[in-house]
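If you scroll down you'll find the structure; I have some questions about it.
Chain naming follows the written order as A, B, C and D, and within any one chain the residues start at number 1.
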Amino acid sequence: MTPFTMSERSQKLQKQLTKFMDDYIYPNENLYEQQVRSRGFAEPPILEDLKQKAREQGLWNLFLPESEYGAGLTNTEYAPLAEIMGRAYFAAEVFNCDAPDTGNMEVLVRYGSEAQKETWLKPLLDGTIRSCFSMTEPDVASSDATNIRTQIVKDGHEYVINGRKWWSSGAGHPHCRISIIMGLTNPDGPKYERQSMILVPLDTPGVTVTRMLPVFGYDDAPHGHGEITFDQVRVPEDNMIWGEGKGFAIAQGRLGPGRIHHSMRMIGAAERALELMARRSLTRETFGKPLADQGVIRQWIAQSRIAIDQARLLTQWAAYKMDTEGNKAARREIAMIKVVAPNVALSVLDRAIQTFGGAGVSDDVPLARMWANARTLRIADGPDEVHLDQLARDELRQYRS
Amino acid sequence: MTPFTMSERSQKLQKQLTKFMDDYIYPNENLYEQQVRSRGFAEPPILEDLKQKAREQGLWNLFLPESEYGAGLTNTEYAPLAEIMGRAYFAAEVFNCDAPDTGNMEVLVRYGSEAQKETWLKPLLDGTIRSCFSMTEPDVASSDATNIRTQIVKDGHEYVINGRKWWSSGAGHPHCRISIIMGLTNPDGPKYERQSMILVPLDTPGVTVTRMLPVFGYDDAPHGHGEITFDQVRVPEDNMIWGEGKGFAIAQGRLGPGRIHHSMRMIGAAERALELMARRSLTRETFGKPLADQGVIRQWIAQSRIAIDQARLLTQWAAYKMDTEGNKAARREIAMIKVVAPNVALSVLDRAIQTFGGAGVSDDVPLARMWANARTLRIADGPDEVHLDQLARDELRQYRS
Amino acid sequence: MTPFTMSERSQKLQKQLTKFMDDYIYPNENLYEQQVRSRGFAEPPILEDLKQKAREQGLWNLFLPESEYGAGLTNTEYAPLAEIMGRAYFAAEVFNCDAPDTGNMEVLVRYGSEAQKETWLKPLLDGTIRSCFSMTEPDVASSDATNIRTQIVKDGHEYVINGRKWWSSGAGHPHCRISIIMGLTNPDGPKYERQSMILVPLDTPGVTVTRMLPVFGYDDAPHGHGEITFDQVRVPEDNMIWGEGKGFAIAQGRLGPGRIHHSMRMIGAAERALELMARRSLTRETFGKPLADQGVIRQWIAQSRIAIDQARLLTQWAAYKMDTEGNKAARREIAMIKVVAPNVALSVLDRAIQTFGGAGVSDDVPLARMWANARTLRIADGPDEVHLDQLARDELRQYRS
Amino acid sequence: MTPFTMSERSQKLQKQLTKFMDDYIYPNENLYEQQVRSRGFAEPPILEDLKQKAREQGLWNLFLPESEYGAGLTNTEYAPLAEIMGRAYFAAEVFNCDAPDTGNMEVLVRYGSEAQKETWLKPLLDGTIRSCFSMTEPDVASSDATNIRTQIVKDGHEYVINGRKWWSSGAGHPHCRISIIMGLTNPDGPKYERQSMILVPLDTPGVTVTRMLPVFGYDDAPHGHGEITFDQVRVPEDNMIWGEGKGFAIAQGRLGPGRIHHSMRMIGAAERALELMARRSLTRETFGKPLADQGVIRQWIAQSRIAIDQARLLTQWAAYKMDTEGNKAARREIAMIKVVAPNVALSVLDRAIQTFGGAGVSDDVPLARMWANARTLRIADGPDEVHLDQLARDELRQYRS
């Protein structure tokens, strides 16, 4: 328990969530893994069962601060909950707290019209449909979002969309119905007002999911990562979110919470890896003594503990700042934890994999899959290097006269 | 070209091999990837085509130093060839130079009876069958080989084998016919004379490949990594290699060359990653300039070059020492490169992945697959930590009075 | 400002202290450096001037939580103050907040008799005398304190002390009058009750400061690090602190606050280095642009910012836990920050040195001296490795059944 | 013994040199340290004694490849000799193989006029005088040598020099008589033809050594690192080396060998540190067992061995390439080892310091001094970052179309 104010409500939910993980998530990890390996992009039955249980227990839509739609928790209150979910690869979805739906729901809550909320937000909150987010493009370095080229052109009361997107995570899910697309509406406007975000139902003519991208060999079924082409795709003008040219503004608002949610879950992934490593080291013997008695493993355990505790404090601080000063004021802290959390998780996971030997790289333990997932987070939503560069600019600014 | 004497023969083969890679391997990487994804553990047709071409050009069995069976190259001569093969994930198999067949062939050349050579070595050299090697067990820390528990019990003129093995790489290959098994024949004998190695055809009753283990998300079809149970498996006594109790001695002889072959290929993998990273950085722009003009990427490129060149020198030195002083005398150098090469490859591959962004973790470029493969080599044939510990013992010995 | 409750009192002192640093400390850094270089172990006049000013402003004895003797600040309140002091190498002494006096005063406050307080604590609080602490011995690995061999033998109403100590920091100071010595009183008692702490005035016959130890070439005058021999040294029995066999108990009590004070100052040293690096990078040009526009330097700046902010949060958390749950409950957090803070400071200082080039290793900027000081803290009060090992034991304990 | 051809002559000298180190250098390290601490910039008597012995044994001027002046060894032959010298901080000077004299002698051999050779080269080869090299300036980032501002203006048959230099290593030596100065003769000429090098006797009016710069806390007496002002300094036109505008060309020729000599010695420093660490770990006990039995120390020992062996191979490769293809062709290899060697030495030295605890940072063992010296080599002759950037440019060049 860190000194950040822990509300009673959050603590109660932490206990409840931990019990749910112990009772239902960990015991079903292998089953989930088997089902997704055998069924591909069909939804694994265990997932629907668990979602039903979570809904019944009120462990549903715990994200969404300052909103009547979700559980009404602050970021600080949500942080330890997201961490707990992050301990198992597929848990966040069980509680309807998984990316990219969470980010998309936040966008609709903040910037969506009433009609958009009615049509898309409600079923997303209910978990009856899922969604994806189409920003990154294969042909340009999307870490610089001004590179994005997809065209969104007004034609009467419709917009016509042409372009190619990839890493639309969730596009493979059998329940995925809608995507939020970022693209150019005003290519000659001011730099940060050229892009817009628009809602595109996946069954619109001209939308084709051309393939599902693997991540280190994982297809990440059932949600997956889609490459999607948009060929003369027409949607009503009312599908535009907030207004033309608001793409960057929405992205700023969307990415902050998304990044910190990922970070919170990464802390959980790292904690899980540390626990698995510690337990394994106590039960496995080489050269006449358990691994836990060998100095190098002990250093790994201690260094992991230190790195995790520091990353957690940084996450909580960022969350606290978002709550008390706003997402924009917390921009630097969010960038910091966006870089720190996946790297800490990767390093703890890697040590745990090494401790498990051959089992570590297989699917007998959840480490390899968690590692692959964490590795993408050094790239997604801007690579480490872009965030670090921005942090340096901020740091230097105060000394420029 | 390093100052290690490069024979004319090796240089000629290097040129020939490089041309083969340019003409046939790189252009077919995507096809190979598609075929294995779609066909699973059936052999991809492109592989047989390429093998035929390689055989015709005499690029076949280039390993096997000091032997009438192979190309008759020294380790020093072979090193740059294996490096070139390592530049593509599946190339070594095309030239019949892939683990575990190479190690198994070396065992049969050195320790096999004439009958064993006739029955198993010849078709392996011809490439008409493939093989696997069953040492590691799921239930014990096999990094300490004295832990191995599989029983090999004499019964009349047969041996009866009971046990469970995993990470029998190659067991999934449709042509895999034979495994070399390590197990206990004399559980009460002197510590390093308890284990033996024996040939077990995979179609022997009682042999069951229970599953194929994934590496991260890759099934590594068509060869794969098998878990195999041996349940009252009976083989003729003549299948014993060299003699009872020789398991450790054979392992020592087998693992040295196997480790350095892996290391040579890892240098190639790292070189490939560096080339891909450099090319990508020249063509990809963010924030108004190519990645190649950004300082951090440039540091990565330089640090990668330095790490690779050092690792190559160490590999060549180890190979040279094996050639001139014998495998045993080169034990320390082999242990060093066993640790260095995969770690260098992993770090260069990781930087290259980061440079490619989303494409890097997918199968659009061969980086993620190479990374997963390299990651297993920090575990296979003894984890880094065991080799480092042994190196420290050797280092300290000279100062003990 | 982190979310840890910052009392108004602390914030007011932070402002006052920052102003004092700006007005008096930074402008006199070079003068201090010159005076100590030219005068050796005589007190540099500037130091006494500054102490006088600090006393007048009430910036005096800010450490000492829960005590009527000091300023009455909590550890959490003191943390940002110690950080500010840590920005200049010699600042803590100016405010009478420097090791080892602070630790010795804490020992006397907590465990000293009334007479001991009257004789030694009062002048230490007044700053009229200074003190040293003699625990480490050259002949044994003192990281394991059970190795300590100095003998403290009762003889009538006196104790007779024989032994050799080193790294008695402060022993060179012209005002140093007293040392607290740790030694064996009950060599055959229970392991953690064999050692005692006793007060030994430095002018007692038999006490000889045999030499002052350099730290990377620095003699650290005027306080220095003494090697001291104790040859049949006799002190009254009343000099024993708390009682025979209490050495370990006192050490535990003494070292916790000492370690966190060092850590707080290390954060300050790192912040100073980051500021110097940032400013330098803005004013220095190579190859046509300022260092601040070069990617590698920018990564250093960002990585330094991230590491410092995480270390500060960990320090504040440890301080908060000491305040709310007691020093013993905060043992793990103190061990963590004891390892983290010097390593973070060293890495930021090293980058700053590299940014300054030749000036960085010289005394034109305070970086090299701060580095040497920080380097000792990876060894003093237990090397990193001992703390990490203990942390691993704690971590593993919860999983042992 | 690496596979690089080791000539009989070099091997014989290696044995002789090792014996000299064992007989005279190591036993006098403490004496040397004491003499320089107590005598400052007067020459320590032990140094002259040892030089005399070295000269008698023919262990003199072993550098200088392809020249009638020195021992006539190739770089490859000299490498292991320089490594042996590098094992003790002051050894190279004993054999007249120390920077900056070696570099200055190389300049005179290659580019000096007959008169310059007679006047300055001969006494330098005899060791009767010493010299310094004045390139770096305090007011500009000299890592970019085009920044250098010192003016060298022709006036009749003289040159008039005005400027300020620092890090003129050797300027403090009581025998230092001459400096080679780099400065602007043609400020408006082509970029790399603006600078010249000229010989300036230190007793010329207008030359003032204003201070000796410390390195961390070391003054590096008796040679030291001088800051020198040149105020209307007049020297005969014949003091110009090679010709006006040749400064860059000479620097290129001078710095290659100088960099590799430093690297060779750094390997020796690292080997020495590893030996000291290993020996210490065998004799020091904590928690009931010698440090050598603790896993973390063992990993340090193994990692150090691996890093050193790789760095040595890279050094020898670079030397070999200089011998066989010329200094210019070996530019990349020299840059690599210039970066690698000091970093390897620093990391091994740091681990050794940690193993020694308090003794490690003091002068009881030579580690701290060696560390400070190695640290300057990440800055001197161009910081790591500049070399890495250049290496990246070279690497990228081959892929630019």
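Of note:
Quick note on the criterion: a residue touches a chain if its C-beta (ideal position, glycine included) is under 8 Å from a C-beta of that chain, and two chains touch if they have at least 3 such contacts.
The model shown is predicted, which means the values in this text are computed figures rather than measured ones.
Any chain that touches chain B and also touches chain C is listed here: A, D. When every chain is reduced to the mean of its CA atoms, the largest separation from chain C belongs to B. Here the spacing of chain A and chain D, counted between their Cα centres, is 53 Å. Measuring from the averaged C-alpha position of chain A to that of chain C gives a distance of 43 Å. As a whole-number value, the distance joining the C-alpha centres of chain A and chain B reads 37 Å. Each of residues 294-299, 385 in chain A touches at least two other chains.
Of all the residues in chain D, the ones that touch chain C in their complex are 136, 138, 141-144, 147, 166-167, 213-219, 284-287, 291, 294, 296, 353-354, 357-363, 368-369, 371-372, 375-376, 378-380, 383-386. Looking at the complex, you find that chain D touches chain B at residues 2-4, 274-275, 278-279, 281-282, 292, 295, 297-299, 301-303, 305-306, 309-311, 313-314, 316-317, 320-321, 324, 333, 336, 339-340, 385, 387-389, 391-393, 395-396, 399-400. For chain A in complex with chain D, the touching residues are 294-299.
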